[in-house]
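Structures incoming, each one as structure tokens.
After this come two complexes, each holding subunit A, first together with subunit B and then together with subunit C.
For the complex of A and B:
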């Protein structure tokens, strides 16, 4: 009797999570899929997928989303790693760093976008300060459709500020899981800080890096509010198009088509990370 | 942490359906607290796309509804899709819902009118006859049928606002109160040449109302139509003019959601926008700005009238209470409070008080001058597009984006976008409206 209860226990513990996932993730996902390929009359159609691909913003949205992905993700991982190592180093005031780094986490993404808009706009803080110290004569327009690089740079900066902290938190947690013995052993063999980081910390941090990369990549695919605030219509991104089709154009079908596409790409990226960074069987048995 | 809002919006529909099924039939009170005695009936929600700023919401609750003695009302503002989804969800759930009354712009009623979700309010109009509600607006509220699906609540329009610093650069011979689009372009050009700054602005941001400026101002003023003349030679001329003006427009225009902020920060000196999206700068600096009628094109001085209407969903939990609320909101004194607090103009016959706020006075004068101009012609928001209204707006905004911002060929873009416009008219089975005249079938691009 007791053995049977123990057998069932794992399933019972999993049940709430499964119910939650099915109700709020799986069912809406399937509904979105149908929304994308089913007309109001109920017949299957590729009209909405076609409408999405011929849209004037479609190719731009893809280019911009991928561009942001390649620019932001590596930058954030490196930054977050540096921040995590600093916090973990136990130097004086390391806890203080953690709190400061975590501040952007408390700010909604749209609010963060608006905040940076106040910095970069023509009459914004950046121009006012630069003008005040005499670096420029007249305010520069950073957020113009005419200067894509500065627009892109502003968005990368704002996104990095906003979302690096979440990566850092994951990495700090990962660092804390590494037993102190390993560091002591490395010290004993005379490893420098850099060698210790490369040969001890990074390999042991791989599981955390993997989760961080997956989460950050998914978020990068969904980058939306910061771009919306800083670039408006200048820089369409996939998630923004899905929103615009739903909210502004009142066409849930095309919006769902974008959402499904986003889902496919995030899934591909996730599987890729799991394969490349995943623990190999030999390591698990260690 | 964050999830895309697109996904969230989709998930919302599902979540709402669940919530509404769970709550609506249990008959919980939707009361916003207090005031309701036994005979005024159940409290209800008043959902509207208007008054989204917190200060305006407070004015609505404290002042506009201050003298209201009826059922408890919870005033909620939300975006159009959320309100529409909620009404549809409540209707599908059966029984009565939480929403007692809605306040939407004329153009936002499309899909709920098409879905037949609203009560006929003819009786309410009858009993308010003495208030002389604007007749044209009442007609709009019938959507071409016999039932009064909304009662006009308040109105607004779009006009031009300029910083007084810009006045010295007006082209010679131009009367700022009776500008033409050519003079507007010459003015902006002059500013750029004399100051080195691009100081005209467009509300091109994601929630900017650029499509309304094209639908109600540029297109009819240049072509005398909108749908029928979408790719006409006059339209091509108009796009050339817009491209010319674009050279003197602040390149940050693509981020502007409303024009009051860039006007106040002086990134922009001259701009056109919706009255409610200009009022803050006029109230803040009434002595630094002027408000004047929209410019005129070759076909006249066209302007768009925005009507906000009150509708009662068939699922309203307290129909008589909601109807009584319409009576209250249409009272001349309530209409004046609405103007004073939230800058929307009356739809009933009422004399404006003399002690209006300076900024409001500027707006009121501009509105009066605009409608009284001898070449003035009024255009309503698009009519009869139903749920296809968004597709139509996108078609015209994309046309702007492609021709003006991306610099694609005018002929190619007009040809391609006209096909999309035509498809929208066919899908919505929309007859011609306003400047395009009338048609028996769907409006045809010529």
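For the complex of A and C:
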């Protein structure tokens, strides 16, 4: 009898968490699907999906979300890789550097947007410095619809600043899995720091790089408050449209359609991630 | 300079440059939050703290709804921590101590929920919460924050309990403790610092969350929901003060949690 309770104990310990996740994630997911395709009368309809796709903001939201993704993710990978390699090289004060690089991990995208707003407003710090060094004569307007490239650049910088920390932490953890001997062996053969990084470290770090890449891709689909803080409604993105349809237009159906769209893409990326993970386990065993 | 010296200069120069890239925006928002409200119109901006003032922060903290929203944010975070640890710590303990069928399946669930855009589910949840009376209620916000934090809590607590030697618990059990009292008297006290770190990280997740808090509330705003809702019609200095106020606890908390950072995202 006692042995039996011991056997069941782990399941009893897991059960509350699983039940909770089913209630708060699985059921709402199904509900979102019904909200998107079912009218209040209970009839199935494609009205809401249509309203989403014919909306003027729809194609903009799509394009902008992907544009941000394509610009932000590579920048983050490069920055995070530099940070991770520096931290991992055990330079003096590496623990301090790790802490500093990790701070934005605890910053919301809304706060990050506001922080960079102080930099990019017309009477902000970027104009002050640029004029101070003589690069411009009069303050520029960065954050208006008319200056789309600089608006985009501001959002890319703010979001890269915030979310590079997650990538960095994943890469540092990945670097720690690589045996130190590999580095020493490369040193022994006289490899320079750069050659060592390219030929020894990067290939071994590939699994971590891949998971960081996909986690960031998934998160980039949700980019929302940082855009709202810097651009207002001038730059529609998918998550922002879901919010606007719910909060401003009071239409949970179209908002749910956007939510489903976002979930769909997340799932595609997740499947990708799991495949990468399977590959990773095989590599570890090798 | 020798090649070796060049190398060192390059490495340390790069490290400090990257640190500056992270720190400078914090400095600038602090500077903005602690200047006078009128100073948002000053140009060029002083780059040094020459005219510090608490007027802007005073204005922010006395603005309508700000104090209440801070209290709401704290209440939501505390409920999330209690609920999250109550649900997540047992699961973490199970992962750390037992080999059982379905273990890797559960780990997969944790991995998937870690990346899942939970916030977006606040749209269908808002409809349900309206029927349950949980709409515009801090408990409703805390529920979805718990769903977001749960995978992280499970990961951290699993790491924490794995670090507490199982032999100590087994020794207590041979001395007559039940598994539960052995856990309570031996494992729990040793795990307490790690559990505190999990609680802190949960606080950060909840304190920062914008989307769900905005969708699920109307008057019972949390601080980020209030600031987001006011973005369109609030003066710049209000936003700067709000940004600074939201960032502050995060910096402090990440300091206490720095040892566990790699567990959160590094763990597969």
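Heads up, the rule we're going with is that the second predicted complex is superposed on the first by the 238 of 286 C-alpha atoms of A that agree within 3 Å, B and C clash if a C-alpha of one lies under 4 Å from a C-alpha of the other, contacts with A are read in each partner's own complex, and residues count from 1 in each chain.
Criterion: a contact is a pair of C-beta atoms (placed from the backbone, for glycine too) under 8 Å apart; a residue touches a chain by one contact, two chains touch by 3 or more.
What you see is a predicted model; the values in this text were computed from it and never measured.
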Which partner chains sit in contact with A:255 here, subunit B, subunit C, both or neither? Use first/second/both/neither. both
Once the shared chain is lined up, is A:266 touching subunit B (first), subunit C (second), both, or neither of them? second
Considering only touches as defined above, state whether A:47 meets subunit B (first), subunit C (second), both or neither. neither
Output check: A:187 vs subunit B and subunit C. Expected answer is one of first, second, both, neither. What do you get? neither
Contact-wise, after the overlay, does A:242 reach subunit B, subunit C, both or neither (first, second, both, neither)? both
Regarding the shared-chain residue A:234, is it in contact with subunit B (first), subunit C (second), both, or neither? first
Determine, under the contact definition given at the top, whether A:132 touches first (subunit B), second (subunit C), both, or neither. second
What's your read, subunit B or subunit C touching more residues of subunit A? C
So in the superposed three-chain picture, is A:32 touching just subunit B, just subunit C, both, or none of them (first/second/both/neither)? both
Output check: A:145 vs subunit B and subunit C. Expected answer is one of first, second, both, neither. What do you get? first
For subunit A, which residues belong to both interfaces, subunit B and subunit C? 24, 28, 31-32, 35, 105, 108-109, 117, 121, 123, 166, 219, 222, 224-225, 228-229, 232, 239, 242-243, 246-247, 252, 255-256, 259, 262
For the complex, give me every residue of subunit A touching subunit B. 24, 27-28, 31-32, 35, 55-57, 105, 108-109, 117, 121-123, 138, 141, 143-146, 166, 219, 222, 224-225, 228-234, 239-252, 255-256, 258-259, 262
Which subunit C residues qualify as touching subunit A in the complex? 7, 11-12, 14-15, 18-19, 21-23, 25-26, 28-29, 32, 40-45, 47, 86-88, 90-91, 93-94, 97-98, 100, 102-103, 106, 108-109, 111-113, 115-121, 123-128, 143-144, 146-147, 150, 154, 179, 204, 207-211, 214-215, 224, 227-228, 231-232, 236, 239-240, 242-243, 246-247, 250-251, 253-255, 258, 261-262, 264-268
Contact footprint of subunit C on subunit A as seen in their complex: 6-7, 9-11, 13-14, 16-18, 20-21, 24-25, 28-29, 31-32, 35, 79, 82-83, 86, 89, 91, 97-111, 114-119, 121, 123-125, 127-129, 131-132, 139, 161, 166, 169-170, 172-174, 176, 193, 211, 215, 218-219, 221-222, 224-225, 228-229, 232, 239, 242-243, 246-247, 252, 255-256, 259, 262-263, 266, 270, 273-274, 277, 280
Quick check on the complex: what are the subunit B residues that touch subunit A? 1-7, 9-11, 13-15, 79-81, 111, 196-197, 204-208, 250-252, 254-257, 265-267, 387-391, 393-394, 397-398, 401-402, 405
